[in-house]
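Look at the two complexes coming up: chain A is in both, with chain B in one and chain C in the other.
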Partner chain A sequence: MLIAILIGFVFALFLAFAGKYLKGKLSILISLIPLGLFVYFLQYIPSISEGKLLVENHQWIPSFGVNLNFRLDGLALLFSLMITGIGTLVFAYTSSYLKNHIYLDRFYAYLLVFMGAMLGLVLSDNLITLFVFWELTSISSFFLIGFNNTNPDSRRSAQTALAVTGIGGLLFLAGALILGNIAGTYQISEMIPLSEMIGQNAHYVLAVALIFGAAFTKSAQFPFHFWLPGAMKAPTPVSTYLHSATMVKAGIYLLFRLSPVLGGQAFWNTTLLIVGAVTMFYAAFHTLFRTDLKGVLAYSTIAALGILTFLIGLGTHEALLAAGVFILVHALYKATLFLMTGAIDLGTKTRDVTALSGLRKVMLPIAVAGILAAISNAGIPPSVGFLGKDLIYESTLHFDHSSAIFLTILAVATNVLIAYAGYVAGVKPFIGKLPTGMENVDFPPLLIWLPPVLLAVLGFVFGIFPGLIQESLIKPILTSVVQNASDVHLKLWHGFTPILGLSVLTISLGLLLYFLWKPTKSKEDFIERFERISPKSILENLAILFERGSDLWTRIFQNGYLRNYISVIIIFLVGLVSVTLLKNTTYNIDYSSFSRLTVYEVVTLVIMILSIGFAVFTKSRLAAVAATGVMGYSICLFFVFYSAPDLAMTQFTIDTLTVILFVLVLYKLPKYLKLSDYKTRVKDAVISTAFGGLITILALEVLAQPVNEEISNYYAENSYILAHGKNVVNVILVDFRGTDTMVEISVLTIAAIGVFGLLKLRLKSSERKQK
Partner chain B sequence: MKTIILRTASNYLLPILLLFSIFILLRGHYLPGGGFVGGLIASIAFVLHAFANGLKDTKKLLKFHPGFLMPVGLALAFLSGLLPVIGFDEAFMTGLWMHDPIPVIGSIGTALFFDIGVYIVVQGVTLTIIFTISESA
Partner chain C sequence: MEFLLAIMTGILYAAGLYMMLRRSLVKLIIGLIMISNGANLLIFLLGRITKGHPPIIKGSAEVFADIYADPVPQALILTAIVISFGLQSFAIILVKRAYKVVKTDDLDEMNTTDEEI
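Our next item is the complex of A and B:
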């Protein structure tokens, strides 16, 4: 499984280097990767449906309980199949959709990273590993939304999406840590038996709230839904793949996955119910006012995600079953509708529903796909959508609470609006008269029309033969989240029941709405007026406020004068430390621990004092720098006296290099033109004396403190035994605390790149001015 | 500062100092020394050469920008830490050692490669900073 997850990343890296030479020639072959993975996951269907699990563990940071635990169960299998299956179609579709795009290779690299991350997300059984993949999906989504990076709108949408999902990711990390601390493990499968204990923990609400934050931002729940319509700036294959079928369902997946751990509590169910209900109705209502095909679909996707949250909130077996089926149903028809939109966009160069009609005459297969998807979306039998909607109504009607009727009405209303959105997107562009100017629209190529048709037909195959998915896909989903799942029976005909009545009502009301209500530009403008009070504007205003605040802060503290920075740092430090020193320290200087002064030390000390005096009073910059160099060397001598040769060597070379650097910078400058005035010098003298005095006191105090020698003894004793080295200092650097060193050299590198960038970039701009 | 004495001397000093830096690097495991100091000494060798012969000559001698040393060293250090994870199913940065020490170099382990990585990164960082500043000064 690890290989299946990593293969996307590996190929993405390969494309990053080799893409230049391929020039998109072999782009269709890249779809073999998701196809291969799809087949790989298909072969597990029989064993998973028998209730077996596929578990794979790799150690990562075992001391923290963070490991690469992968676990393939029914839920993970459904998502894996969706990711790789729809992935295959999207990959193939892209090779035609973005044909001859100069960055096609880059696009595939992003898509592959996304696919790998998404697979990792659904297969991870460890919360921390899950978090890593979670973040990777956000990041790859950022690159994909901003793929048309010359368009400021798409850059902005990408940033909004990253900001929202990124904040969610942080919340997830916090939630995962709390949850891990409560349960004592990060492994989700190990948490399930502890569910009751977790529910009674004092921090349960906090952990759940954080997890909710993550899931709601990712799955675009109200009030975080606004990034998803913005994300429609991405090329259509991305909208299909990430923003309808897979990534946005990651939040739902997380809720689903954690519902056996965290569910069953009032807080969990009520919050999910309310948020889901608000989201589904709010978003479904918004579809009425959209004229952009993708806009309509985006809002209906949010509504669908709301339904899923809502169902998980209901939390009954029926509701979870309905959610599982609906995930599949929605992925099938929504991906079709998006792919269809892409085909229309490609052919007619517009996505405005008010301008599109009669396209069946020029792109028949697309029309078939669109209409089939709209039927499934509306839940008309014999599509699989009918099964999905039936189950939703069943779970709301059977909900054991006084609000059941209200919830059912809400669900019906939402479904009516979603059905309407489906008709607008999937039917309206194809019926009626072909507008003039569109007669010459080219017939879409095979790779454009085949994927949506395949998906649409699949939606009907599953609908007519529900047995195909009943035991193999749907039941395992239920067994993976609830104990002793009852038998699952999917069928089209249940007899004349209230649920059937509701279905008929939904379908007919949806049709009625479609015929009575026409989307127009003026209606869209009308709803735009409320934009000012929408969560999106509030967040944007907050961002602007934050920007202004940081601007002010920067101007006050980062004023560009190095001397001011140093003064501020030192004054602050002196102030802070002396307060603590004055408050609670008894001064006892342990004279007995002082060693006797030797002649060398006296001589070195005299040299130091002389060079300090010289540095302060000299009139030449270079001489002052040289004098500080002498001071540095003298300190090295002290290190040598007190047997710290490693330190001495390093300090010695560093001092040499520092002086060289100073000389390089100062060499070209004129001699002192103007000495700082008397007042400044006095001020500087006071600050530096205070600092020196403080350090002296600290050093004396440290000497008087009892020393804990346990750690240094451990290093001294084990240096040779464990690390085969006799030089303890070096062994600590490269072995015992090697990770520290690793980070340090990374920081050094960053600093060097910073220096390089600052100086070189400035040089270039000045050169440009000269020209 | 292009005096003939310094220039002549630096031509001999450069290889000697570089050798010395490698000596310091290798001896670090048993005696004072190590990758950090070694890297600094090696950079001083190049800086000295640059002082004597001019930056252009040193750059020509190096053939590539010292900045490229940084990723190389980082990668080496990282891989030496990763090796136990990939090959031996141990935690990240576990020290692995060959049984028998090799003459001159001493015993070889992942820590040595890590130290060599540090050595290369330090050189890259120091030289990049000094070269950049001296070019723009």
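Our next item is the complex of A and C:
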């Protein structure tokens, strides 16, 4: 299983290097990867449906309980099949859709990474590994959504999507850590028996709230739904893949997966019910106002995700069963509708639903796929959509609570609106009169029309023969999240029940709505006016504020003025050290321990102070340099006075060299000006004086402490005995610490090379022009 | 004397910092030289100063008979002097070069890496 997950990443890496050879017709070969994986997962259907599990464990960081635990059960199998199955079709579709695109190889690499991450996500049994894959899907989807990177809108949408799902990812990590701490393990399968204990823990609500945050952002639940319509800027294959079967279902998957661990508590169910209900109705209502085909589909996707959240919130066996079936149903028809949209877009160059009609005359297979998908979407028998809708109503009607009727009404209303959206997207573009100018639309190539037709037909095959999926796919889903799951019976005909009535009502109301309500631009404009108070604009404004804040921060602290950096550092240093000095230090300077003053010392000191003052205040650069030289020679004298002949010699040489170098180089420089005004100079003087004073006090403080001479004594005693040298300083440098000296010489060499390079460097003609 | 030397060190630091806060590149380098001299003096002072007893073993003796100046700070300072020379010479050449390219030695006029947009 690990290999199956890693294949995507490995091939993505391979494409990064060898992709350019696979760009042309060969690109179709890449879809063999998901196809192979699809077949690989198909072979597990018999054993999974018998109730077996496939478990694979690899140690990763066992000391933290973070391991690569993979587990293939019914739920994971359904998702894996959708990821690889729809993946295969999307990969094949892409090779035609983005034919001759310059970055096709890159696109495939992103898709492969995404597919690998998604597989890892659904197969992980460890919360931390799950988190890693969760983040990988966010990151790879960022690249996919922003694939048209020359379009600013597209980049923006990608950023929004990354920001929202990225924040969700962080919430997930926090939630996972808390949950792991409560349970003492990160393995989800080990948490299930501890469910009751977790539910009683004081931090249960916090952990659940964090995980909700993650799932709601990923699965575009209100009020985090806004990134999903924005993500429609991506190329259609991406929308298909991300929004029908994979990315947005990850949040649902997480809720589904954790419902045996965290479910059964009032907080869990109520929150999910409310959020799901609000999302599904809000989004379904919004489909009424969209004219862009992808916009309609985006909102109907959000509505479908809302339904799923809602069903998991209901939490009964029936509801979970309905959710499992609906995941499959939705993936089939929504992928079809997206692929169909892509085909229309490719042929007619527009996705405006008001401008499209009669396309059946030019792209019949697409029309068939679209209409079949719309039928499945509306829940008209004998499609699999009918089964899904039936189960939803069944679970709301049988919900053991006084709100059952209300919830059912809400579900019916949402489904009516979703049915409407399906008609608009899947039927409207194909019926009626073909507008002028579209007669010459090319018939779509095989790889464009075959995938949607396949998916649409599959939706009907499963609908007519529910036995195909009943035991093999659907029941294992239920067994993977509930104990002692009852038998599952999927069938089209239940007899005359209230549920059948509701289905008929939904279908007919949806049709009625479709004939009465026409999407127009003005209606879309109308709803756009409310954008200002939508969660999206609130978040965007927050983002702008944050940007301004960081801009301000940067301008204050990273202003590019060296002296400001130095001042800030010095002021903080002086402030912090003086606080400590004032608090914890007793001042006792023992003057008696100091050596006595002599005349020549005082004279040298005076010369030095004068030269420093001269260097600071002179208006001539040459004088300043000369004064610096005088200062160096005075220090040299001090070294002579205090028994350091080697230092004196070095200082003398170096100082002479520096002054010569200065004079040689600097006579060409511009006038030596006082550039700062009086106020700045006073301010700088105050800072400098404080700093100098601090150093003096520190020096005196240190002088009051006893000195440790152990090291010095060692060197002095062994200088002749071990190293046969009588000048101890020299012996230290060339013998005891010889390696250090060698490194020092290399530093000097590097400096010398740098100097040489700077002197010999010739500017390129372009640089010279800039001057 | 130590007291006066401590004050001297402070003056060197203060003057060096003041020069480093100026806008002229040349003053910056002079400030750098002053601070490095101040640092040398500080180390020298904190290693305790001794008059007239260099750390050199006399004549045929194998170890010190008398008191001697601490050799460790001296070794450190010797290294520091040489390294700071490397730094200074590089900085001086860099100033020359920078002046040749941007025609100024005012730090305020060279604080952007790109052309302002």
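Here, the second predicted complex is superposed on the first by the 559 of 771 C-alpha atoms of A that agree within 3 Å, B and C clash if a C-alpha of one lies under 4 Å from a C-alpha of the other, contacts with A are read in each partner's own complex, and residues count from 1 in each chain.
The definition used in the following text is that contacts are C-beta pairs under 8 Å (C-beta built on N, C-alpha and C of every residue); 3 or more make two chains touch, one makes a residue touch a chain.
Values in this document were obtained by computation on a predicted structure and should not be read as measured data.
By the touch criterion defined above, A:Tyr103 reaches neither chain B nor chain C.
In the superposition on chain A, A:Pro62 contacts chain B only, with no contact to chain C.
Shared-chain residue A:Asp735: touches chain B; no touch with chain C.
Residue contacts after overlaying the shared chain place A:Tyr561 against chain C, while chain B stays out of touching range.
In the superposed pair of complexes, A:Leu759 makes contact with chain B and with chain C alike.
Contacts of A:Ser595 after superposition on the shared chain: chain C is touched, whereas chain B is not. In the superposed pair of complexes, A:Phe614 makes contact with neither chain B nor chain C. Within the superposed three-chain model, A:Phe267 lies out of touch with both chain B and chain C [touch as defined at top]. Taking chain A as the reference, the larger set of touched residues comes from C, when chain B and chain C are compared. In the superposed model, A:Thr656 makes contact with chain B only, not with chain C. Shared contact residues of chain A with chain B and chain C: 645-646, 650, 654, 657, 661, 665, 668, 726-727, 729, 733, 741, 748, 751-752, 755, 759, 763.
Residues of chain A that touch chain C in their complex: 559-563, 566-567, 570, 589, 591, 593-598, 601-602, 605, 608-609, 612-613, 615-616, 621, 624-625, 628, 631-632, 635, 638-639, 641-647, 650-651, 654, 657-658, 661-662, 665-666, 668-670, 672-673, 675-676, 684-685, 687-689, 691-696, 699-700, 702-703, 707, 709, 711-712, 715-717, 719-721, 726-729, 732-733, 737, 740-741, 744, 747-748, 751-752, 754-755, 758-759, 761, 763, 767, 771.
Every residue of chain B that touches chain A in the complex is listed here, in rising order: 24, 28-37, 40-41, 43-44, 47, 51, 67, 70-71, 73-74, 77-78, 81, 89, 91-93, 95, 97, 107, 109, 111, 114-115, 117-118, 121-122, 124-126, 128-130, 132-137.
Across the complex, chain A meets chain B through its residues 59, 61-63, 645-646, 649-650, 653-654, 656-657, 660-661, 664-665, 667-668, 722-727, 729-731, 733-735, 738-739, 741-742, 745-746, 748-749, 751-753, 755-756, 759-760, 762-763.
Touching chain A in their complex are the following residues of chain C: 1-15, 17-24, 26-28, 30, 33-34, 37-38, 40-42, 44-58, 62-64, 68-72, 74-75, 77-79, 81-90, 92-97, 99, 101-108, 111-112.
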